[in-house]
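The structure appears below as structure tokens.
Residue numbering begins at 1 within each chain, and the chains themselves are lettered A, B, C and D in the order written.
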Amino acid sequence: SYGYFGKETPEVVRLMFCNVSGCLTDGKIFISASGEEMVSVNTRDATGLSMLQKEQVEVGFLSEDPIDSTLLKKIADRMKCKVEKVGKEPLNDLQQIVKDKKLDWKDVAFMGFDHADVKCLNLAGLSAVPGDAPDVASKAAKHICQCSGGSGAVREFVERILRQKRMAKSQREQ
Amino acid sequence: SYGYFGKETPEVVRLMFCNVSGCLTDGKIFISASGEEMVSVNTRDATGLSMLQKEQVEVGFLSEDPIDSTLLKKIADRMKCKVEKVGKEPLNDLQQIVKDKKLDWKDVAFMGFDHADVKCLNLAGLSAVPGDAPDVASKAAKHICQCSGGSGAVREFVERILRQKRMAKSQREQ
Amino acid sequence: SYGYFGKETPEVVRLMFCNVSGCLTDGKIFISASGEEMVSVNTRDATGLSMLQKEQVEVGFLSEDPIDSTLLKKIADRMKCKVEKVGKEPLNDLQQIVKDKKLDWKDVAFMGFDHADVKCLNLAGLSAVPGDAPDVASKAAKHICQCSGGSGAVREFVERILRQKRMAKSQREQ
Amino acid sequence: SYGYFGKETPEVVRLMFCNVSGCLTDGKIFISASGEEMVSVNTRDATGLSMLQKEQVEVGFLSEDPIDSTLLKKIADRMKCKVEKVGKEPLNDLQQIVKDKKLDWKDVAFMGFDHADVKCLNLAGLSAVPGDAPDVASKAAKHICQCSGGSGAVREFVERILRQKRMAKSQREQ
């Protein structure tokens, strides 16, 4: 879509999908002999997600993740995000969610990490991978973060989305 | 305040406020399926805080923190520091504490990390952020540490405060 | 073995042996006062092993490892890999396993980390160590990964094995 | 002591003292809301200590450490090392232990990390700090490791001690 002065109006993101393992976490899964599993999230990324929610952008984590669903739910609750039920091929399930919300892929921001995310990384209006993502995902993303997963990559992508929203808003008001 | 030879007498810090998440920790919050949360602090920073306490500088952690209050209290007890009750805008609450202690903001050292800390970073006599803090906080701080949070940033700031105290003392004795 | 055009047909790996401590993990063993031990594995390496298994390459972890057998078994189950019972000198035991499977050392990929792995690193058709392995193992390996242990070294070696399998296949089809 | 050809015969280390926090660990202390504390040690350093023990060098950890004594004992047992009871000034207590073993400080290797270790770092025949140790300790040590604490510093120092023992042995046999 082109703005009044022929300048391309940046996409206005209304919905963000994000992988937990490798994006919100550094990819490490801690396993103990007693079977307890643990991951780490980062306070700067948590602050980033709340900055996004203050701008009425909904955030959903993908359920298809190496960490188990109880732990995933705990993280989602802590970050006031939803867990979107997806299968091995997230695209089909997310397509339906985007449609149900009367949105289009150009209104969607997607952060992925590995093979399973390639199609969504190609389709989303704004897509990114952490700086340390495997090549297969980096090649499909519109933006490669400087920060690694679990160390600010989500915050970096959020700040990019919010910059874009401010630009679109100022162009609309010209 | 200017010393006898026109040299600016460095601030003599009497009170330090410090964020736990992102400054004393590396920002990582470990979450397990059973709901147990864990963070890591660093032995060099713990030694730094005790160096400061030996020089009669009181240290307070800010209660407004992503980690829950039980964990925060545990860390404060371990480091023989207080937890200062503050809201979303720490400045108002800290202002009152500084006043109650008959001190001024120039007697205060403040270590912050993100949006919520910007006003205090601007006001405090000596202020710093870890080397890996988000830009919004780095721009407001008087000093950006080389070390990252949870890996020596607090120790680095403490050594800077103690150097300043020694300089002020030697100028007073000239 | 030389292919039709005199090009050396790369080894076709059918079996991979891999150390857990230092290769699949970053070498860190977390110990708590209550005696609970914990290690971390990485989602990108887990995805790598499943890529290998999809290509009918069997993966075995070595039982001779600093972490205790319960934890080792838990990791192996999670990654759908076997734990191969070996002694202080893994070569003797692995030799028998390779023979039982009617394979040869040239069909074997081996990822090692320290002293105990030197002989296998020399013998295996394809051998590698993580980028941060001690010198004694790096000198014996055919390939030194760029990534460190627990941060993509296993994924890097898997992608090298799969590239080699594709090359061998295309040469066979010429 | 000078060897037959006037070459200085390197010290033959018979006893090593080592700090746990900051040398064997990366300095991080994990604290959970339930009060459980955890640290990480590294498999390459564990292998290093066992290399040393195979050469009849006794290894003792210092009891004066930020981590609690139960956890310290657990780590010492796992590494088949002793915990040496020392106070805030380790030198006095270690002096007595060295004397009881009819040794001299030149027969002792010492790995330290912070203020409390400075005197021992100066006195020991062979002394080292991890690459990321605070300046106060680095200035007192004979050797600054390239590796950081908890990531190979102990292994690096062990390999230096063993090289020195081999040199002394070959000079004695000339």
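Everything that follows uses one rule, which is that a contact is a pair of C-beta atoms (placed from the backbone, for glycine too) under 8 Å apart; a residue touches a chain by one contact, two chains touch by 3 or more.
Keep in mind that what you see is a predicted model, and the values were worked out from it rather than measured.
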Query raised in the report: In terms of residue numbering, is the interface formed by subunit A and subunit C classified as same (over half shared) or different (under half shared)?
Result: different
Requested in this report: Provide the C-alpha centroid distance between subunit A and subunit D, rounded to the nearest whole angstrom.
Outcome: 46
Query raised in the report: Where the centres are mean C-alpha positions, what is the separation of subunit C from subunit D, in Å?
Result: 33
Report task. At least two other chains touched by the same residue of subunit A: list those residues. Result -> 30, 36, 38
Requested in this report: Make each chain a node and each touching pair an edge, then name the shape: line, ring, star, complete, other.
Outcome: ring
Report task. Would you please name all pairs of chains that touch? Result -> A-B, A-C, B-D, C-D
**Report entry** Residues of subunit A that touch subunit C when the two form their complex
**Finding:** 21-22, 25, 27-36, 38, 66, 113-115, 132, 134
Query raised in the report: Mind pulling up the subunit B residues that touch subunit D in the complex?
Result: 30, 36-44, 46-47, 51, 68, 70-71, 74-75, 78, 150-152, 155
